Amino acid sequence: MKNTFGNHLCVTLFGESHGSCIGAVLDGIAPGIEIDEAYIRARLAQRRPTGAISTARREQDDFSIVSGVFEGKTTGAPLCILIPNADTNSKSYQKDILRPGHADFTAACKYHGYQDYRGGGHFSGRLTAPLVALGAIVQLALEQKGILIGSHISTLAGVRDAEFSDLEAGIRALNTKAFPTLCDEAGENMKEQIRLAAQAGDSVGGILESVILGLPAGLGEPWFDTVEGLLSHALFSIPAVKGVEFGAGFGFADLRGSQANDAFCIEDGRIRTVTNRNGGINGGITNGMPVLFRTVIKPTPSIFLEQDSVNPVTMEPQRLQIQGRHDPAIIHRARVVVDSVAALCIADLLVGRFGTDYLSSASAAGN
Amino acid sequence: MKNTFGNHLCVTLFGESHGSCIGAVLDGIAPGIEIDEAYIRARLAQRRPTGAISTARREQDDFSIVSGVFEGKTTGAPLCILIPNADTNSKSYQKDILRPGHADFTAACKYHGYQDYRGGGHFSGRLTAPLVALGAIVQLALEQKGILIGSHISTLAGVRDAEFSDLEAGIRALNTKAFPTLCDEAGENMKEQIRLAAQAGDSVGGILESVILGLPAGLGEPWFDTVEGLLSHALFSIPAVKGVEFGAGFGFADLRGSQANDAFCIEDGRIRTVTNRNGGINGGITNGMPVLFRTVIKPTPSIFLEQDSVNPVTMEPQRLQIQGRHDPAIIHRARVVVDSVAALCIADLLVGRFGTDYLSSASAAGN
Amino acid sequence: MKNTFGNHLCVTLFGESHGSCIGAVLDGIAPGIEIDEAYIRARLAQRRPTGAISTARREQDDFSIVSGVFEGKTTGAPLCILIPNADTNSKSYQKDILRPGHADFTAACKYHGYQDYRGGGHFSGRLTAPLVALGAIVQLALEQKGILIGSHISTLAGVRDAEFSDLEAGIRALNTKAFPTLCDEAGENMKEQIRLAAQAGDSVGGILESVILGLPAGLGEPWFDTVEGLLSHALFSIPAVKGVEFGAGFGFADLRGSQANDAFCIEDGRIRTVTNRNGGINGGITNGMPVLFRTVIKPTPSIFLEQDSVNPVTMEPQRLQIQGRHDPAIIHRARVVVDSVAALCIADLLVGRFGTDYLSSASAAGN
Amino acid sequence: MKNTFGNHLCVTLFGESHGSCIGAVLDGIAPGIEIDEAYIRARLAQRRPTGAISTARREQDDFSIVSGVFEGKTTGAPLCILIPNADTNSKSYQKDILRPGHADFTAACKYHGYQDYRGGGHFSGRLTAPLVALGAIVQLALEQKGILIGSHISTLAGVRDAEFSDLEAGIRALNTKAFPTLCDEAGENMKEQIRLAAQAGDSVGGILESVILGLPAGLGEPWFDTVEGLLSHALFSIPAVKGVEFGAGFGFADLRGSQANDAFCIEDGRIRTVTNRNGGINGGITNGMPVLFRTVIKPTPSIFLEQDSVNPVTMEPQRLQIQGRHDPAIIHRARVVVDSVAALCIADLLVGRFGTDYLSSASAAGN
C-alpha cells in the first residue's frame, strides 16, 4: 500500500521537503481522544534540529490539524495534519548531480526524472515530522492504557550508553531529554564525537535501543504479521535505518539454545519469563514481557567532504562538494521518530485485536 | 492481513504440524509459468531434515497442487498446494507444559487455549514447507528474468564462512549444496559444532547472508513499502529469525559517512556504485546493485537439557525435559526458506511495478 | 486482493470445476467456535442441485476441514476447507467454442489461453460451495450474537412472492426450505416457470430479497467501506449477480424526499425509524433497523437452444449447441450463497469493529 | 481500509463540511502526467451548485495541490489536494436533532457523539469535491489511453431521457453539459420537476446511466475483485446512491437465457458480442465491449417540509423544520462524482494489470 501503513489504524504520508507543506492522514483513530497540542509540539521539538550538532535549517513545525478533530477531541473520522515548509533554500540542490548514500539516483530511476529533487523531495527526513505529530497523539492514548515507549542511543561512534536498570523510570527520563542517553556522561561523550565528525566534514551513525512496556500478551500473528515483522516493516521506512533486531538479536548467533531460551516462572500469580532474551516476543506474538528492539542508524549521507559521483545528464564522473545545511548526526533526532513509528504500529495491532474504540477511554465510558 | 503476505502476488498459509496436511495458496501468479516438479522437490529436500544434525522426523513432503495449474502450467487462477503430514507423533506433546523459547505460551494467550498445541501447531517450522514449494515456482520464473537468489551460513557457533568472491558463481554453487557454505571446510567445522551441541543436549544458531542479483533499479517505495521494510516483514515470519540487516547493517554504527556512502561511477555506460555498503538499496529503492541482507537465526528452542518452566493449568513451576525429535540446528534448513520468502517478496514487488503478466514469458509472447 | 475478501475476517477461494478439489481458507476466525458439521452439510445441500429444476451433476460435497479446527472447535488459526470434485465430466467442454454469457472469452483474454476451461474452471459456480460451508460456520456464530440472515425469491419469471410480515419468523421459515419463498403457492408457480423454460431449452433469472436482522447500529464507514459498498463488492462475486440495491433501491427514483426519508421515533426507549426505506443504512452506516437488500440473478447462461458464437482459434462464426448438464435456474441455489456471502461480510465488519474475539462466546468467558 | 479506496492507485479522503478544508491523497499515480488545472476547475464547476435548482451555498473550490506535482507534472509521489471551506454557515446545524435520511444518527452511534455534526461533517456530500478533482486528473490520463467515461440522467421524477445512439459522441456531448441529458427537452422537463419539488419544500431522486468506452478485455478478477464488485464498492460511497446495476441489471429478472446471453461475432477481425446486455462484463471480467452501469440517486434528504424526528439528548419526539441551504436535487451534480469514482476505480484496475507506469505516456517514452 505504498505510502500508507497499518491495517486498522492507518497512516498515509505525503509531501516534499521543499513543497508548500508536508502532512499525513491518520485513519481509524478512535473518537474522543483529547488532542494535547503542547505534547505534540514537545515531541516535534525533540525531532527538530538544535544546536551545533544539527543542520542550520530551522523549521517551526507549526502544524495544523485540518480534519478529524472537533472541540479538542478526535471525532473518529480521518485526522489530517499539515506542517508548512517555511525555511526552504532550494538553491543548494541540483538535479544534475547524484549525492552518494541518498535517494537521488533511485528516485530518478523510479520516477523517470519527474521527482521533486529539491532537498530529497518526498524522500526527505523532513517527512518524519508528521509521523512524530501523529505518533505523539497515539503515544498519549497508549499511556492511558499503561503502555510506555522509549529509546536511548545505546552506542554512537564507539561510545556506549549505560544499560537500563529500571525500565519505566528509564523511559520516563529519556522522554524528557533532548539527547537521549541513560548516562549523561555518555551523552556528552557522544556529542563530542559528533562535533569531531562535523569538524572533519563528516558524519556518524549509531544504534537506538527501544523498549515498549505494558503490552498485553497475545498480540501479533504467527505468520507474516508477527510483531517483529510489523515493527520492522514500519521502522525501515525511517531514513537511515539499515537493521532491526529484537531481544538478543544478532547476538543469538553466539548463544546456545540453553542460553537463548527464556525460562518461565510465576510472579505475582502471573506467568512471566525469568530472562527476556527474546525481547518480549515468541512465535511472533507478545508474551507480556517488555518488547525490546534495536535499530541501527547509518551515518548521515550528507557530508561536506568531497565525494566521487556522476552527472546523470552527461553520464560523466564528477566530484561532488555538498553545500547546504546538514546534520553531522541524526540519531538523536531519529529517536522520537522510532518511538512514534513504534507507537503507531503497536496501536494498529491493539485496535485490530480489541476493536476500533480501544484507544478511547471516552467511548468505553458509554458516550 | 495475518496469514497472507504480498500486495500483488499473495501467499496465504494454513495448516498445523500434526493436522492432516499443511498448505498454501499463491494468488496473482501469471498464467503460463511452467511447473517444474523436480525443482520443487529438490528445494523441499534442502529444507527437509537429514542426517545426524537434524530431527528424526522424516516427511516425504509429497506435495500436490490442487488448483491453478493445468496441463503443467499455471493458469493465472490461485494455485493451492497441499503437503500431507505423514510422520506425526503427537504423544510427545503436552498441553500442560510451556516450552521456553517456543510459542506455547503466546499461542495460549492469543487463542485462549483453543490452539492445536501438538508440535507447535500452526507455529511449527513445518509450515515453511509450502512456502519453499511456492518459492521454488517463483524462483525459477525469476531466474528467467535474470534474477538470482542465494544464501550462505556466514557464521555459526563462532565458525565463519568465506566471503563471496564472484556473486553469481557463489549463488549457483550454494544452491546445489545441502549445507550452504562457500567454503567446504568452514561447513565441516560448523557441522562439528552442531554435533557437539547435540551431544550436549543443546542447540546452536547462526547468521545467514543472502544476495539477490539482477534486480532492476527503481523497485520499492520511499515510505512504508521500502524494499527493506517488505523483505524484513516477510523474513521475520520465519520461525527463529530475530534480526535483519541490509548492507553494512549494524556495522554502520562504527562507520563515518565518508565510509558509509557508496560513491557513484560509470561502468559499461551505466551508473553504478563503487562499493555496496548500502546493500543495493537507497531510500528504500533498489539501485541496481546486488541486494545484500543478513538474518540471524536463534538457536533451536527445542533442547534436551532440562529447563525451568511452568504448568499453566496448576500455575506451578515445573521442570521440563523435552522429548520428541528435534533439530540441534535449523539454520541450514532455514536457508531455503529465506531464499523462498525473498523470492516471493521480490516477485510481489516486480508484479506490482510491471503488471500481472511480468513473470510469464509466455504471455509476453502474445499468447 | 483478488481471490481474497475481507479486511479482518478474510476468505481466500481456490479451485476449478474439474480439478481434484476446490476449497477456501478462512483467516481471522475467533478461537473456540464450535463446528457443526451437520449444519454445514445442510447448507451445502441447499446449494446442491436437486430434482428436475437443476443440473444432473451430483456432487456429495464431502468437505474436509484440514486446518484451524482442533477437537471440534476453531483454533483461531486459518481454517482450510477442501471439497473434492467427484462427478466431473470434462468431455462436454471444448476450448474452441465460446459460450455466450459465460466467462470463456474473458478468461481467455485475462489468462492468455492458459485457463482451465473445463466446466468454467475457476469461474464455475461450483466454487460457491466452499463459500457456503464457511458461511455456515460464520452464520451460526452470528446467530449466537442475535444476528439472523435470510433471503427469498421475491420475483421469478413474472411470479412474485409474498412480502415479509414477521421478519424473524420469515427468515427462520425460509432457512428450512429448499426453494425459498414466503408463499408456497408462489414457489410452486415459480418452479412451473422453471420447468417451462427447461422444456424450451431455455433458462430464467429472478430477484432475491435478503434481510439481516439484529445488527448493532454504527457498523460501516462513511467513505468507501460503507455497508452497501462492502456487501455489494462481495455479492457481485456470485456468478450471475448483475445488480444490488438497498432499501427502496431503484424505486427511490420515483419517490420524493418526503417519501424517501425514514422519520425517527422512540420505541422501547430506543431510537428507531418509523419506516425502513433506507434498508437499515444511513450514510453507509447501520442504524439498527433490519438491513434489506435485493440482488438480481441473471438467467443461467447455459441453455440448450442453439446460439451464435465464434471459434477463437479459427476466428470464424460457429453455431453452438451446448451439451452437458445444466440448470434452467440457479436462483434457488444462489440463495444460500447470498446468505453466506452476506454473513462473511457482516462478520468481517463486526470483527473489525469489536475485535478478533467478537464471534466467540468462549473466549469472552475468559478461557 | 476505511477512507482509502484502491489497491494500486489509492485515494484517501479527509475533511468535514465545516472544517477549514477538505482534501484527498492520491497515491500510486504515475510520474509525468500533466496537471490541467483548467480541466480540474471545469469538472469541479459541474459538481458545484448553480442556479435555482441547487443549494445557495457557494464554494469557489479553490483547490491547491500541495504535494506530488512538480513543474506542472505528477512526480509519482503521493499527490495531496486541499480545498478550503469558505462559505460555511454552521448556525443552521444543531446537534440535538436527528435529520431523517441523513447520517446524523448513525454518526452519533459510530462515533459516540464526538463527530463534527455541522453540515453532516465527514459524511457531507462536499467531500466529493476532492474526489472530482482527482477524478479529473485520472480521467484525462485515461483519455490519452482511449478510455472515455460519461453519464446521463436516464430518468428523474418520471421524465426519461433519450437513449444513447452514438456512444462516443454522446459521452463527449454530456461531458460539456451542466445538466447531463442526451435530449435537451427531457433535461428541461427534469429541471421543471426539480423546481416543482423545490416549491413544495421537497426533493427528487433519479437514475444515472454511465458508460465506460475503450477498456481492454481481460480486466478484473473472477472472485471478489470483479469489475462489478469494485465499481459498486466505490459507487456506494457516493452519498445517496442506493443501487447499482450492470447491463440489463434488474431487467434480467424478466428475461430468459436466450434473451440475456450476448452472442459472439467477428467484427473487424476481432471477437465482439452482437448485443451488450451484460454491460461489457462476463464473469467479472471486461470483454472489450462498453461497460454500462446505472446508479440510483435517492432524493436529497434535506427537505423543508416538516418531519418527525427525535431529540437524542432528551430522547423525546420532536418535529423538525430544516433550515439552511439545500438542494432539491443532486443527481445532476452527482453525475461528475460518478464519473470520477468510476475513473479512479478503472485506473486502479489498469495500474494493477499493466504496472505503475501505465497511465503515463511520458515514462513509456523512456524518460
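Note that the chains take the letters A, B, C and D in the order they are written out, and that residue 1 is the start of every chain.
The rule is short, and it goes like this: contacts are C-beta pairs under 8 Å (C-beta built on N, C-alpha and C of every residue); 3 or more make two chains touch, one makes a residue touch a chain.
Worth saying up front: this structure is predicted, and the values here are computed from it rather than measured.
Asks: Only C-alpha atoms count here: how many degrees separate chain A from chain C in terms of the superposing rotation, rounded to the nearest 5?
Replies: Resulting rotation angle: about 180 degrees.
Asks: Farthest from chain B by Cα centre, which chain is it? Let me know.
Replies: Of all the other chains, the one whose centre lies farthest from chain B is D.
Asks: Between chain B and chain D, tell me the centre distance in angstrom, where each centre is the average of that chain's C-alpha atoms.
Replies: 45
Asks: Using mean CA coordinates as chain centres, what's the gap between chain A and chain D in Å?
Replies: Roughly 38 Å separates the two chain centres.
Asks: Calculate how many whole Å lie between the centre of chain A and the centre of chain B, each centre taken as the average of the chain's C-alpha atoms.
Replies: 27
Asks: Indicate the residues of chain A shared as contacts by at least two other chains.
Replies: If we look for residues of chain A contacting two or more partner chains, we find 1-4, 7, 13, 77, 110, 122, 222.
Asks: Please output the residues of chain D touching chain A within their complex, sorted ascending.
Replies: By the definition above, chain D touches chain A via 1-4, 10, 12-16, 19-23, 25, 27-28, 31-32, 64, 66-68, 70, 73-80, 82, 110-116, 121-122, 357, 360, 362-363, 367.
Asks: For the complex, which residues does chain D have touching chain B?
Replies: These residues of chain D touch chain B: 7-8, 77, 222, 352-356, 358.
Asks: Residues of chain C touching chain D in their complex?
Replies: 1-5, 7, 13, 98, 100-103, 105-107, 109-110, 120, 122-123, 127, 155-158, 197, 200, 202-207, 216-226, 228-230, 232-237, 239, 241-250, 252-266, 269, 271, 273-274, 278-279, 281-288, 294, 296-303, 305, 307-310, 312, 315-317
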